[in-house]
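Letters A, B and C mark the chains in the order given here, with residues in each chain numbered from 1 onward.
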């Protein structure tokens, strides 16, 4: 805000705008500071390094990485189709794909339950095939992918539309097959958008709670991710809950901060 | 909707103002809106499992005390205890366990001694049809049976642990939920073959779940205490409500919902 | 490699185009005439509603012919299998690749090794005098440099047909001549189509001219003929000539408006056939009143515009224009809206069949 850039380019911001901007910033930062003030520092290290905490953190990182990978595998093609291939009913289709963005996660959990659960639409068949999803780590990954996928699709589709089709057309007339165009032109061009989409997906997966609780259950080392552990600890040990919350904030800030800096460097 | 938005925006603005005028202190104690001058308001904080019983009792109380309005707030006992210790304007607190009541008593936030008014025991909840053919507590430890229980950190989980220790039957649950509702939800949806919840919870689920009582549950009886909160505005009214709950009318209503006598 | 195409894109294009082996064809036309559409269809970026195209002995596409004949099963080569490269107004160099790797893109996509591709890229960069730019990023190039690299990149694909869509349009005055020189060198002996607004491109680069208006070919022929004896208003505008259409008579032309234009018929066009009368603006003088003297054509007109033109004043009056000295313009007190007479000697008017 206050840093003096060379030459002071015209900003176009009316001065009074800084007041609500500051209130907005405080509104986000103060609760974090308040939480920081509540941390029991003497017990912090033992609290966050307990077996339950480490299990939860490890599980969160593993499942978030897996769901981010799933988001990439299915989200990239989805964004490509949405951005590059107009079809009838596309707006409606997009609205449904983005639905988890606005849906309460609990609703997502219920929907997943009726799909992959024991009595669910696909779950019944999977059960017969010997695949049980409920109460497994797979269920956690599915819940996280469900809520995180739209983040990747939205940011990648935006990047694809901004990049336009012209480079791809040029590449095609130079003899590059569609697969080559995708690999050597499209993806490198939208790499910043792809990276920020992946980071958002990872962050959303890390924070996922409602759908996991409803769909996957809660068992240490199997389905109890960091947010679930925090929710549970809150019942009995407020200090532990605060310490773990801080840990989650730190991990999220690290992930988002690191990738944002990387993007700025590459831009 | 628009009102709610206005309120939130005003709150945010006030928040900004407060923060800019002075350091944000932990003042707590939100202002309550004074509605009718003639109307007396009694605020009751009660454990979520008491919802049905207390809603009925509150209506009866309003009938017998004209001009009184009972405001009910149902949530997890530990949440409610935390809120009260941070200055929430409760007149009566009814907890689902003695632990959270003791917390407030130790902090000197109660008016007089808490009174035990109900008990609750664990029951096995199974989906309609009982697909895993559960008939006794020991059946829950059979391989292949998917059991969901409460985590040890919450009261129903602590009770479960107690029963396990007493019987020597070690359960291998597929999930340890943080609330009774989540356990029951997984039984009702058929994801789990069985769950351990309170007798009252099975009753509230109606025909969507079937309850199987088991004798070992007696090893972990959960006692519900009720007390008047120290900051109560009208202590007479609060005491009258506590008397209603602990009296004959309260007993009958509690029994209807599956609670045992203290 | 010879190229023939006929294509219909509903509402935008209904035209045929042929390019003889080694020939460069310039396509002219007003904005929205369908020039870019024509190139897009040839490159395979747009599917026409009907038509077909061949390049050498390969059928690039053949679709249903709009029901006029028996239905041909649709046949469509995607862009990357056509051997048709497209150079656009903007260079569109891939921003994430160095200049060298941009030019090496086509050989690499064609399956050559990295080393071989780069060797080829260096060769083509040399062809466009841009070898010293090899290690740069596209963002570090000027518009003219970028466009020359884009030419090298297109050539590196070794296309059998090269399409150029106004390659000079986005360049500044100084960069255009250099690129034009490069193009003159590399287009020699290649089959190419260049869309342009500049008559100089046609004169320097093209063997033949095609004029496209409202999606249809209004005129085509060798450059010298089209520019020397234009038959369409658009070509006449390019050549800088006034053009009137009508019917050839013994003494000249009976214009569409009923006016008799006296001139010198070229002898090929017989009386009664459709024809045109063409004369340069420099041959037109402007009078406020009807002058006397018989061997002259006199057109009553209303001045629509005055603009400087090569040291003189161009007086526009609808379709016709006259070039007069600034002094004469001042003396007449010309301004838009004035009714004046355009006068041109019969000897200056060429009449020929259209």
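We adopt the following convention: contacts are C-beta pairs under 8 Å (C-beta built on N, C-alpha and C of every residue); 3 or more make two chains touch, one makes a residue touch a chain.
Nothing here was measured: the structure is a model prediction, and the numbers come from that model.
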| item | value |
| --- | --- |
| Centre-most chain, if every chain is reduced to its averaged C-alpha atoms | A |
| Chain whose Cα centroid lies at the greatest distance from that of chain C | B |
| Approximate Å spacing (C-alpha centroids) for the pair chain B, chain C | 84 |
| Rounded Å distance, chain A centre to chain B centre (Cα mean) | 34 |
| Intercentroid distance (Cα basis), chain C paired with chain A, Å | 53 |
| Two or more partner chains touched - positions in chain A | none |
| Residues of chain A that touch chain C when the two form their complex | 166-167, 169-178, 180-181, 184-185, 188-189, 191 |
| Residue ranges of chain B touching chain A (in the complex, touch as defined) | 12-13, 15-16, 19, 24, 76, 78, 82, 146, 148, 151, 153-154, 173-178, 182, 185-186, 189-192 |
| Footprint of chain A on chain C - complex, ascending | 43-45, 78-86, 88, 90, 92, 94-96, 105-106, 108-110, 153-154, 156-157, 163 |
| Contact set on chain A toward chain B in their complex | 19-20, 22-23, 26-27, 30, 113, 117-119, 134-135, 213-214, 216-220, 223-224, 228, 231-238 |
